[in-house]
Amino acid sequence: MDLLLSSEDLAFRDEVRRFLADSIPPGMSRAIDLTTAFIVDPDVLIDFHRALHRKGWSVPHWPVEHGGTGWSPVQRYIFDLECGHAGAATYNASGSHFVGPVIIHYGTQEQKDKYLPRIRSGDDYWAQGYSEPGSGSDLASLKTRAVADGDHYVVNGQKIWTTNAHRANRMFALVRTATTGKRQDGITFVLFDMDMPGITVRPIMGNGGDHEFNEVFFNDVRVPISNRIGEENKGWEVAKFLLEFERGGRVLAGQVRAQFAKLVQLMIARGHDDSDLRTRLAEIGTDLDAMEMIDISVLSTLQTGGNPGPISSLLKLRWSEIRQSIAELAMDAIGDEALRWFPERPLYETLQLPPEDEEMAAMVPRYLNSRAFTIMGGTSEIQTNILAKSLVGL
Amino acid sequence: MDLRYATEHVILRESAERFLAERYDYRTVQRIAASETGWDREVWGEFAKLGWLGLPFAPEDGGNGGGTVELAILMEAFGKHLVIEPYLATVVLGGGLIAALGSTAERQAMLPAVMEGECQLAFAHEERDVPTRAQRTNDGYSLRGGKKVVLGGPSADTLLVSARLGDHGLGIFVVPRKTHGLTVRSYRMVDGRRAADVDLNDAMVPTSALLGGNEDAGGAVEAVLQRAIAALSADAVGAIGAIVKATVDYAKTRVQFGQPIANFQALQHRMVRIKIKEEEARAAALFATLSLDGPAAIRARATSGAKAKIGRCARSVHQEAIQLHGAIGTTDELALGGYAKRLLAYELLFGSTREHLRRYGAMIADPKVAGTGLLMA
Amino acid sequence: MDLLLSSEDLAFRDEVRRFLADSIPPGMSRAIDLTTAFIVDPDVLIDFHRALHRKGWSVPHWPVEHGGTGWSPVQRYIFDLECGHAGAATYNASGSHFVGPVIIHYGTQEQKDKYLPRIRSGDDYWAQGYSEPGSGSDLASLKTRAVADGDHYVVNGQKIWTTNAHRANRMFALVRTATTGKRQDGITFVLFDMDMPGITVRPIMGNGGDHEFNEVFFNDVRVPISNRIGEENKGWEVAKFLLEFERGGRVLAGQVRAQFAKLVQLMIARGHDDSDLRTRLAEIGTDLDAMEMIDISVLSTLQTGGNPGPISSLLKLRWSEIRQSIAELAMDAIGDEALRWFPERPLYETLQLPPEDEEMAAMVPRYLNSRAFTIMGGTSEIQTNILAKSLVGL
Amino acid sequence: MDLRYATEHVILRESAERFLAERYDYRTVQRIAASETGWDREVWGEFAKLGWLGLPFAPEDGGNGGGTVELAILMEAFGKHLVIEPYLATVVLGGGLIAALGSTAERQAMLPAVMEGECQLAFAHEERDVPTRAQRTNDGYSLRGGKKVVLGGPSADTLLVSARLGDHGLGIFVVPRKTHGLTVRSYRMVDGRRAADVDLNDAMVPTSALLGGNEDAGGAVEAVLQRAIAALSADAVGAIGAIVKATVDYAKTRVQFGQPIANFQALQHRMVRIKIKEEEARAAALFATLSLDGPAAIRARATSGAKAKIGRCARSVHQEAIQLHGAIGTTDELALGGYAKRLLAYELLFGSTREHLRRYGAMIADPKVAGTGLLMA
């Protein structure tokens, strides 16, 4: 047993570093540092994504035959960590990490040919339509109705919390195709183009001042049945596959560690001798080390072909908390600078401050937005319910 | 010892509640916050008509002679309704300084305009860097320094500026907005209120600008700041109470898995915890309010204690309230978002939660103080 | 509204201080300081209790006609605070605070004449028999059976967690007299003499090294029906009365404040510059101030004849937590001195250490015992369930 | 990178588990803890026979050549079964120092007796006050100083005493128990193990007492202490795992209000939280163990990090476990009480939780360190 990187791993790391140094466009890191929303604007990331695409690295975790890199889990971990340090971010996880793997697993050849290349290249930008006003944690109660009419479904209903629906040109969604039987057995997974007639998007302003979330209304939207992924009424299975892939297959340690290093930098820059803040910083560090060790154990399991098991809910739960604690400490570290509020977005376009003061402007919005980490993508309460069964055996 | 609210207290609470419920909903807050000035002239006029702008001033100055409890009641209503007009800056801080330090002539010259809503004040006190100094000149003083977090600074017609006099003195200077050498750099605060950085670049004021001619205003400044902390703590308690109620109400109506989420025991226990924090915060604010007429040591302990305790409660309550609301709690659609930001501002104004906890800790690091109960001789 | 003590209150405080200065026997404070158990041994307290009795202050909260002092709630608060500072403790709360008020409210004249004087004087020492092995939080499920046989009940069953049963000469208990109908409606409140044939006591050693708890077994114990308090099958109402009296009627602030002052003294003596510990100390101080303010509000309500309402469960919940945090910080404040364990009890008889080192020996046992604060007398979970209904309205 | 346990690891875990489950229940722990010496000669002999006393020593010294992972596996089993024999003191600390610093002759002179269970060791290192000093004499050294928390001191036949040599040197001195001027003041620790204060009052030892003749033993001492922390962390994880399991098992069988209390959602969520803390503690201990063969900076970060993280987990797990058990959790009837005390001792040995958190904080106060992941070049 050991934690050693092999010489191939080290060579790979150097290659990644070289690539990042060469490919990150000027201004991208600043724009990401001043992004207060969850998701960095596609405009900021598209050039870098295209560079990744040219290098063949835009979807590393996909099977090689669909454009994946065939990297080992350790290599993916290295790549994520280095991207974090270099100030890079994922272009469109809804495409590359959510719907992409679903299409690869469940899609027809036509669907694969149509959608996968455009995810790889960044030509498509995807949104996810799962939650509804009455269906959050209890997702299976969703009501958006799809009724077959010839070779189309006619869809009526509403989605909510649809991140970047206003920027996406495509959207995958769960819709109800049957109202009898078990609720989970009447759900179907369907792909939409955002310009289909009858789709309207209404913004929801976040408390942090960002516009990320939307309501999406479906009014007699006609979507071809050929846009269905998997069988009718089997959408719940597809959604579960997506969640498992997402939770078990992605290693957050790199990204969070990069954020943590930035927090350390901030605290040093502020010359902090506040012992309470330093205690919190150290506690976050030990939390992060422990969680990274758990992440690495998952990597090791994946590397050797195993199934990481119920740990995925634990990772979601704890990583979201650690990310919150980083955002919270960053806010507390700037003292009464946190009183200032800059309502315009994006900050990297609107701010008119000296460079050394800029990052202060991002801290409070980022803190406020961070509260959603433990809500979106499965609340901590739901993760805890799952863990009570799966990890504790209750 | 008597903790019963008197009839006039109940009447004040109800009338404040009635007015604000009618006139000041969350859309109004958002509208005013997004406006150029961050306050509403009409609302301010109503405050004057209701007598609120004269609430704490002595009857001989034309005020209503309200005590600390009345002020706390009004502030709690302001917190509950997220009122962002610069009441604290003008009435409690600025007006409070004039009432405490001003001569009869000064009080009569300045307070009526405040009470009529014609004049707003701000207290420029926190130093950005080195202490602001007042240098005596032939016909007055020259002020030099930099102030920060000047609440209500952007809308103030007159600033009250604290400045060192000689080696040990401290004076409060009445500085009209237009004074040459005075720069007010405004900004919007996280909760929509306005504040400013203030630069004094050899700002010249006449000898009469020294409030009350008092060169030893340190004690009065401390007392006014303690009043402001107690008032702001009542405001925070108003916000905490509202946020807890909103969360419980939401949990009772939000249905998931076929039942209101308020039925889930894990959530019930967490709602109990935030409700208890509300009760504790309310108690800490009440102690601060009632301490204001007591000796200096008790005032300092009670106000720093309140800031430390309520700040801690506020943080965890706003976080839990958002979490218990779920996704809707992270938006600006509900007043919840406004409360969270109001409470963040509370945590930082007049010294942070941690700073006051440290001060409190230093005070009780004496078994005699630590062993003294709250009832006062 | 104010927090001012009246001149009568101040005169009363001086009188209490004089009395305490004159009446506390030498050695009592040391014995209390070195007591690691919840309850101070009766041997340590009896002389002081007799002095209180001579002064007419042994049961201040009882009605004047039964020997109470008629003090106002504020005076009782002053008395408790001064006792705490002087290092005094209650002799036998099970007698004076639990069963005494019950006998006053529900007892017959014979019962009052027999029991009340001996509680006042300290001649009787009472234990409480409520919990059973299968009936803790769910007390109404209790099974200890009392069957009428002539003018006696014959009692069989078992009680557990009976504090100081091995020191008591009397015990009040809830027993089951009916097994049909609602569980609460088959319970009766009965008084026992500990020397009745068929009662045996088995010690339970606490994790803190103290023997306080016991199991009490009833094997065909014949207890006169005249030992019953209230009506048969109405014991649940009696028990509820007792709890309400206990929770609403007793102000803990004085006692806890005295403990807090001792903690401050300890930390000063240890010369602590550990900022984490100082932060915790200050936080406890602010918690204590807030809770004392709530206590005083209850006093004010009582003083003016009102009903304090659901606040009693809040007081139980939070005071027990604050007392735990004091015990925990005291343990942490002594650093690696906490590694030393002195198994013999009572420490005030067995310790052979220099006076300045003595108190270290008490810290860890006291911490361990403090964990029971949130369990005994109604767990925090039960209090929280109650508060969810009564305070939050769920 | 490979985190799979090898077959020999699994075998060791199972055999330790089997032996201890059979021979070392909680009544045994209590009996041995209450005995005069605090360890059981027969049990110690069995440890020797099982090869555990020679586990970490090199084959050329007659040991089993076990690595850090093997040691962690054994220590986790010791924590799970609350073994109080002075294994850490004799094998990890004392034996570890001899293995690291001793000449071939010294290793051959001392280690066989350790491995056969004939000799117990203790490392007298923590200073009570001013540093212990070794003064050169005509035919050896005179040791003067006071040591505290000498684990296994009471039963040690030989003490290894660290002492300053000159201005910068540090030596480890082999001091037989009977040495004149050496006083061992024994005490019982909170978890039943034994420790001692050690006084060196001009204790005279020959020149050969300086282990390996090494006057610069600081690095070796640091490495041995890091090994001890990693081992003790594995022990703590054993205790945490056992306490969590006991709590969950109890909740499944304890019936109140007509159902197992494990059915109550509020309790379920709290059990999930302590289970997560167990997983995190386990991860932190594993990182510490695997760091031991890495560079000094990683070792220091991983072991201080483990101590800080596991100490924090241990505190909240033992408190929650007691609370979830209810009254029975506060007694000495269940092993739970033993685990709580074992974990309290863990928090204090080799530097407290807070002390290590401070050290860890100082190490990561550098963005480069903070940004470095756990995988090592």
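Observations on the model:
By written order: A, B, C and D. Residues from 1 in each chain.
What we mean here is this: contacts are C-beta pairs under 8 Å (C-beta built on N, C-alpha and C of every residue); 3 or more make two chains touch, one makes a residue touch a chain.
What you see is a predicted model; the values in this text were computed from it and never measured.
Two chain pairs, A-D and C-D, are weighed by contacting C-beta pairs, with A-D ahead.
More than half of the residue-numbered contact pairs at B-C reappear in one of the options C-D, A-D or A-B, namely A-D. For the pair chain B and chain D, the distance between C-alpha centroids works out to 54 Å. Chain B has its Cα centroid 40 Å from the Cα centroid of chain A. Within chain C, residues 276, 279, 381, 384 each touch two or more of the remaining chains. With touch defined as above, residues shared between interfaces to two or more other chains in chain B number as follows: 264-266, 268-269. The touching residues of chain D, when paired with chain A in their complex, are 1-6, 9, 69, 248, 251-252, 262, 265, 268-269, 271-273, 275-276, 279-281, 283-284, 286-287, 290-291, 293-294, 301-302, 305, 308-309, 312, 357-358, 360-361, 364-368, 370-377. Chain D meets chain C in the complex at residues 34, 148-149, 187-192, 195, 255-258, 264, 266-267, 319, 322-323, 326-327, 329-333, 336-337, 340-341, 344-345, 348-349, 352, 354.
Residues 275-276, 279 of chain A touch chain C in their complex. Contacts from chain D toward chain B in the complex involve residues 264-266, 268-269.
Here chain C touches chain B in the complex through residues 1-6, 9-10, 74, 77-78, 81, 85, 253-254, 257-258, 260-265, 267-268, 278-279, 281-283, 285-287, 289-294, 296-297, 299-301, 303-304, 311, 314, 317-318, 381, 384-385, 387-388, 391-394, going by the rule given at the top.
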